[in-house]
Amino acid sequence: MELQLLLLFMIFAAVVAVEVKDLLSSVIAVGAVGLGLSLAFLILKAPDLAITQLVVEILCLIILIRATIKKDMPLVRDGRWFFNTISTLLFIALFLLFAYFALKELPCFGQPTMRVAREYIEKGLEKTGATNIVAAIILDFRGYDTLGEATILFTAVMGVLAVIRRAGRIKDEK
Amino acid sequence: MKILPFFVIIPLGTAFLISLLGKKIKSLGDILANLGTLILLALSLYSIRLVDAHKILVYKVGGWIPPIGICMVLDGLSSFMLVTVNLVSFLVALYSISYMEKYTGKYKFYTLFMLMLAGMNGIIISGDLFNLFVFLEIASISSYALVAFGTEAEELEASFKYAVMGSVASGFILLGIALLYSYTSTLNMADISLVLSEKGSSLLVSFIAVLFLMGFGLKAALVPFHAWLADAHPSAPASISAMLSGVLIKVLGVYAIMRLFFNVIGISNTILSILMFLGAISMLAGVILALAQWDFKRLLAYHSISQIGYIVLGIGLGTPLGILGGLFHLFNHSIFKSLLFLNSGAVDYSLGTRDLREMGGLKERMPVTANTNLIASMSIAGIPPFNGFWSKLIIILACLQANRFGYALCAIVGSILTLASFMKVQKYAFFGKLNERWKDVKEVPLAMRLSMIILAMICIIGGILLLPIFRPFLQSAVDVLLLGKGYAGIVFGAIQ
Amino acid sequence: MSEYILCLILFCIGLYCVLRKRNIIKIVIGLGIIEYAVNLFFVLIGYRMHGRAPILAKDQQILNMVDPIPQALVLTSIVIGLAVTALIVAIAIRLYEKYGTFDITKINRLKG
Amino acid sequence: MKNKETGMTLIVKTITRLTVGLILLYGIYIVLHGHISPGGGFAGGVIIALSFIHLMLAFGRETALKKLSEAWASIIESIGAIMFLSIAILGFIGGHFFFNFFLNKGKPFDLFSAGIIPLCNIAISLKVGAGLFAIFAALVLFQGLGEKE
């Protein structure tokens, strides 16, 4: 039950983040969503993720606040705005309806199939020696994924350093 | 047997080394990037022989048996894509030696370039769904940064739009993967395929298919999701435009769609007709939008949408001939489209403008660029001896064979409009009277000329000679797709 | 079941924000919300009723653990989200410097 | 103009001076115990980066960049990445890419157990910590340059 309440809180905070005029408030509301997510991870028995989400959330907020300068733009409601909003909402409603019927075929909440995962839980300690099964998965069984993950962060750092250069081109001496 | 990991290790290693030492040693980026791509090209050519001999190779990363660990799979389709990607990237790296002199921070360019290559190679050889997603993100993120590499206003704007659309697409793909994991409780693609065929068709699987189609369709710039491409591809440096249009949209979009829909989820008539429809629409819309363009690179970018339409139409036919035509066109398009973008880069390098109306008579001043551009234009328009003609012919014949006369007509109309649009390029840019302003324009440096000439050679050889030699190589790629869900059995057979 | 739907509603709020908002920062926020929703969905499908966290303690029988795979995947996915956010914010700051506005409808030198 | 007065007020500075070391230590603890308890290289790396960012926010960027300049952060990041890749390649000793090549995995619950996992954690934390710090420094430095012009 507490999970549903937490989810409702997150949805509320997300709506606030989307609709509030002041950008700083909006960023802070997104922070609330992130912290709610961290709590949800804790309830869902994922302490690794809770820690990571918490610290990443802090960092994200610092970066976002760095970018926040002004207030939101005033809304312009011309004919096209109305049409576009309606079509977007229609698309989202269709998506949710389709999802509602499709999700019924998933295993019920709280009863995952765990075909492969059972193997990890039963043999993880003896095969890798790590007591934290998640660490055993990300760094041994699926270590190749983590190499990719580290590379993504590396790519982002390189990308930021490349984008932030003062001048992109060497100017001709004319 | 152990070459598979090196398709990822080599580009990653070179990228890290260039970023570590590139600032101190100026020429290190040029040397390492060219050497790395050359080795990768050699390895991928060698992989053709391996596939000939073994049919399929499975590499267990970390020594774990596949459903537990991640595996890499090399089969006919992967080998075909590897050759395409590494061939184009080697020539682009060669071209960049001179071309990127205009930009600052060249070593950052090479680092991002090698990371993008690592991402694409990783996607192609991955046999694990989530691993595919991770490498897809590496390739996408590096391409967002590379589009903005010039840091001018237009480039940043294009990059921002591209990054937002790309991230939404990734969100859809990841949601699809989550649903698929919950339904099958495994991430290995062969294993998923087995579980799905046991469970039979259901609404959930079609929901996942829609999510994947939206996500990968966005990455491939199929028509309802094409808006970002026309901004992003022209804004990048020319060598990156060549990579993006030439191989990136094909690996991230078309290859992933082929692999997932044919081999994992299983193809159905509904999906095939959706693919054909999207293909035909992209084909026509792209070329019609291209007709009105005066910016050289933007015109080429719209043609990319149109040509992706041909490829998807061919694959969507689902017949052996159609898939053969689609894959052959994929290869040809990556050759001549990268050549065209390199040409546009050469013109930009010498003249400093991309507007066709300001050019004229460049044939006298830049003979190599003009002649290679003529060859590429005839290729893309489908003039007989060149490679583009054969692949378009095969696609049209396949349409007729499958009794899809409407689509065949669309393909012919698209081809005629393409011809018209490239006549315009030739007329305004290279023929006609030389504009006074460009009197002392010089031909581009050697490295740029060399890579353009090699690409033009492949265009000619691909048309006349390669089809007989190429046939078994293409056929092994087609066989993988025709296998459909038999893929799982073969992968598990190879593990033992 | 209701958890899944609530999670997808969160996803759709993010989607709406990305598609309909004009401020660049709002769009970045929308991308963040999409990211959160997908991550949460992944962990939800791995949850097991009355399960334990997948960390072994001393002298303990392994019986009823939640699915560890989604957690490992989400760890990767969080990093991807952070990387994308950082890159997009960097691009947005440069855009602000060039155009002097965060309004996406005013940032339209490219068209056609 | 007011070069001496960079950063925040005295209270913030004093508290920062007291806590920054603890935050750094906590990050290192999280990294080293990643295979036994929740946490791991990534979370630990972010905490290490946050400790430097904390310093930068409180004392202004010069003080922080004196401790770890942007160029060095970039180099450490590359070294971390190469280290991780080398660990993966070293797996070829055991015959496979990414093979956990320590045959003796040590006693469970020990700090030195689980083969390559703690090593990978250290490499990742170096990479993540330095990388995120480099991103932040780049974004802040950019603002500084923008104001001068």
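Annotations for the structure displayed:
As written, the chain order gives the labels A, B, C and D, with residue 1 at the start of each chain.
Here is the rule we go by: contacts are C-beta pairs under 8 Å (C-beta built on N, C-alpha and C of every residue); 3 or more make two chains touch, one makes a residue touch a chain.
Since we're looking at a predicted model, the values are computed, not measured.
Taken together, chain A and chain D share the touching chains B, C. When C-beta pairs in contact are tallied for each pair of chains, A-C comes out on top. Using CA-based centroids throughout, the chain positioned farthest away from chain B is D. Chain D has its Cα centroid 36 Å from the Cα centroid of chain B. Averaging C-alpha coordinates per chain places the centre of chain C 23 Å away from that of chain D. Centre-to-centre separation between chain A and chain B, using Cα means, comes to 29 Å. Among the residues of chain B, those in touch with two or more other chains are 12, 16, 19, 61-62, 130, 134, 137, 141, 144-145, 148, 151-152, 156, 159, 179, 182, 187. Taken residue by residue, chain C touches two or more other chains at 14-15, 45, 53, 55-56, 69, 73, 75-76, 79-80, 83-84, 86-87, 89-94, whereas all remaining positions touch fewer. Of all residues in chain D, those that touch two or more other chains are 37-38, 40, 42, 74, 81, 85, 88, 97-98, 100, 108-109, 135, 138-139, 142-143.
If each chain is drawn as a node and touching chains are joined, the picture has every node linked to every other.
Contact residues on chain B toward chain D in their complex (touch as defined above): 2, 5, 9, 12-13, 16-17, 19-20, 23, 59-63.
Listing the residues of chain A that touch chain D in their complex gives 47-48, 50-52, 55-56, 58-59, 62-63, 66, 125, 128-132, 134-136, 138-140, 143-144, 146-147, 149-151, 153-154, 156-157, 160-161, 164, 166.
The touching residues of chain C, when paired with chain B in their complex, are 11, 14-15, 18, 24, 27, 31, 34-35, 38, 41-42, 45, 69-70, 73, 76-77, 80, 83-84, 87-88, 91-92, 94-95, 98-99, 107-110, 112. Residues of chain C touching chain A in their complex: 1-10, 12-17, 19-23, 25-26, 28-30, 32-33, 36, 39-40, 43-49, 51-57, 62, 65-69, 71-76, 78-87, 89-94, 96, 102-103. Interface residues of chain D facing chain B in the complex, by the touch rule stated above, are 71, 74-75, 78-79, 81-82, 85, 88-89, 91-92, 94-100.
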